[in-house]
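Going in written order, the chains are labelled A, B and C, and every chain counts its residues from 1.
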């Protein structure tokens, strides 16, 4: 299970790297979103897959899963949701304002 | 271009209430089971999205005349105020507590301060998500 | 129970939320934000004094004792930075009141600034790794909004790379946190420090520490600064000043914390690497500062030189050197804010950021000119000003430790700072006045006042460094001896 998850995380990072290195703004945003998801999977794997029950004290005995990675992932999902949403709005504004979402056209110090 | 979306609109009228109910159910059950403020906030937001899709933005704005930025802010305010509330009682910041009362219809019911916190989370999520969606869709 | 130390973070956040409700009343928004930040200055000074008598303070959120819960920790180093942050923010807010337009203020300008400050203060105060990540993200989200504020073409262009690079560095941060949790099973800084000290810093931990080094280098602009000059030159002056004064310092603070509290067992690898990076930063920052013709870029490269200089202290790692670094961080926050504000004022007065389009400003704006002169001397480290004491202590530390290369680099870089700013001074303030006194736009008193406040502060800090000496010595002491920090977390 661990190996599988690590490989999955690696594949996601590969895809995300490819997307971020492209010139299109929307692809870059998708890449950043995928990148954070890869790290979420990594976080979950790092917490281990022990335990079979929900981590509520008093029920189901001692065999509960580690709740911390899940809490971390939830927080991180919220943050990445916020960042991705803002990034999308911003690149949309940029597209409307500058008429392009091509990083090659947007780079440099022209029309400042 | 006018699309005749009678089916979508009629279905929406019914489904929106089902989604609202689901959101409230998840919110209430979130105390000791999977669920909670964040999830129910997202589901509420999805109901609003469906409304915005089925009808146009102006109609919904007229029907529900609330500024979602203010909703988000009040949600965040409740979250922070709930955290600070425990400071007033001399406990650590963000300290939560609960108590049980016997209500006439429900029997023994648990009341927890964390419910206030979760209400804030739900409101903040609804406000933020709808604001983002509206800000993208408004000037198309 | 020390609920007091959550307020430097929660007051700005609460006010920011409150300001959303009174969006239409700009005048009230302005004064509420300034008053709250002033209150925050007072409060953080009280906490700083409290730390001196009571020792390091900690607050367990929700009553969850360490290492299980999340917590805030206030020691002298972090509180000094919080105090300085709040002072700089008050001044920048005063400047913003008179310089940013109504349409900006209407779009929740003050809310975003206060969120940014909440994030910065939280990063200084947090006592666990994941909370550090969250505070960074709060700060960065506010900064994304502020950098694109107003939506001018150049801002939109510069903000896309800024966000992308920060998302990538946050990803590395998250990966590093995952590895730490996987190896050691905790994220509480004190607990981590304890475990690493007991079980030894294994090679895998050293690799993880280098991941952290990459993250904080990206955030603070240590060698990986290529995004910095372009992004910091895009936003309006008051925002650029906040960024230049505060954002890189948060990365520097995190680096100090991580590499003195957790990964201090293998200095021949990690600290040497920091030293090499700091040296390279000093060299390339100096080249950048003298190469540009655009005032905003010169000023941004000066930020990078300062980052290199401060981290030389961490690389050396002796008590004296770290004291010097702390002095220099405080000095740099104040003076960089002043430098950015003056540069922005010059640009708005002359209408162009290029040096060859300005000339003879000192004839019409003498106070501005002399303030710039003071900043220049302070950054170069001339005695009666605030940069001096930091440089002396850092130099002393470097000589004690025998790192003469870093010593030479950091003092040669001061010459480059002086040269790059002297170039601005001579080109823009001296020479023929391009316009007559009537044609030049008048400099309003409201804009000049914040600049003078900062100018007085740098004088005060330079003339009476012993006023903060006890705090600095205590801060350096805690950084050099991690056991003080650990004991404070686990004693109760």
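Remarks
We adopt the following convention: contacts are C-beta pairs under 8 Å (C-beta built on N, C-alpha and C of every residue); 3 or more make two chains touch, one makes a residue touch a chain.
Treat the numbers as computed from the prediction; the structure is a model and nothing was measured.
The chain with its CA mean position farthest from that of subunit C is B. Per-pair counts of C-beta contacts peak for the chains A-C.
Between the Cα centres of subunit A and subunit B there is a gap of 24 Å. Subunit B and subunit C, compared by their mean Cα positions, are separated by 37 Å. In whole angstrom, the spacing between the mean C-alpha positions of subunit A and subunit C is 28. Shown for subunit A are the residues that touch two or more other chains, namely 82, 86. Every residue of subunit B that touches subunit C in the complex is listed here, in rising order: 69-70, 72-74, 76-77, 80-81, 83-84, 86-87, 90-96. In the complex of the two chains, the subunit A residues touching subunit C come out as 20, 25, 28, 32, 35-36, 38-40, 42-43, 45-48, 68-69, 72, 75-76, 79, 82-83, 86-87, 90-91, 93-94, 97-98, 103, 106-107, 111-112. Residues 1, 3, 6, 10, 13-14, 17-18, 20-21, 59-63 of subunit C are the ones touching subunit B in the complex.
Those residues of subunit A lying in contact with subunit B across their complex are 56, 74, 78, 82, 85-86, 88-89, 92, 96.
Interface of subunit B with subunit A (complex): residues 32, 38, 128, 132, 135-136, 139.
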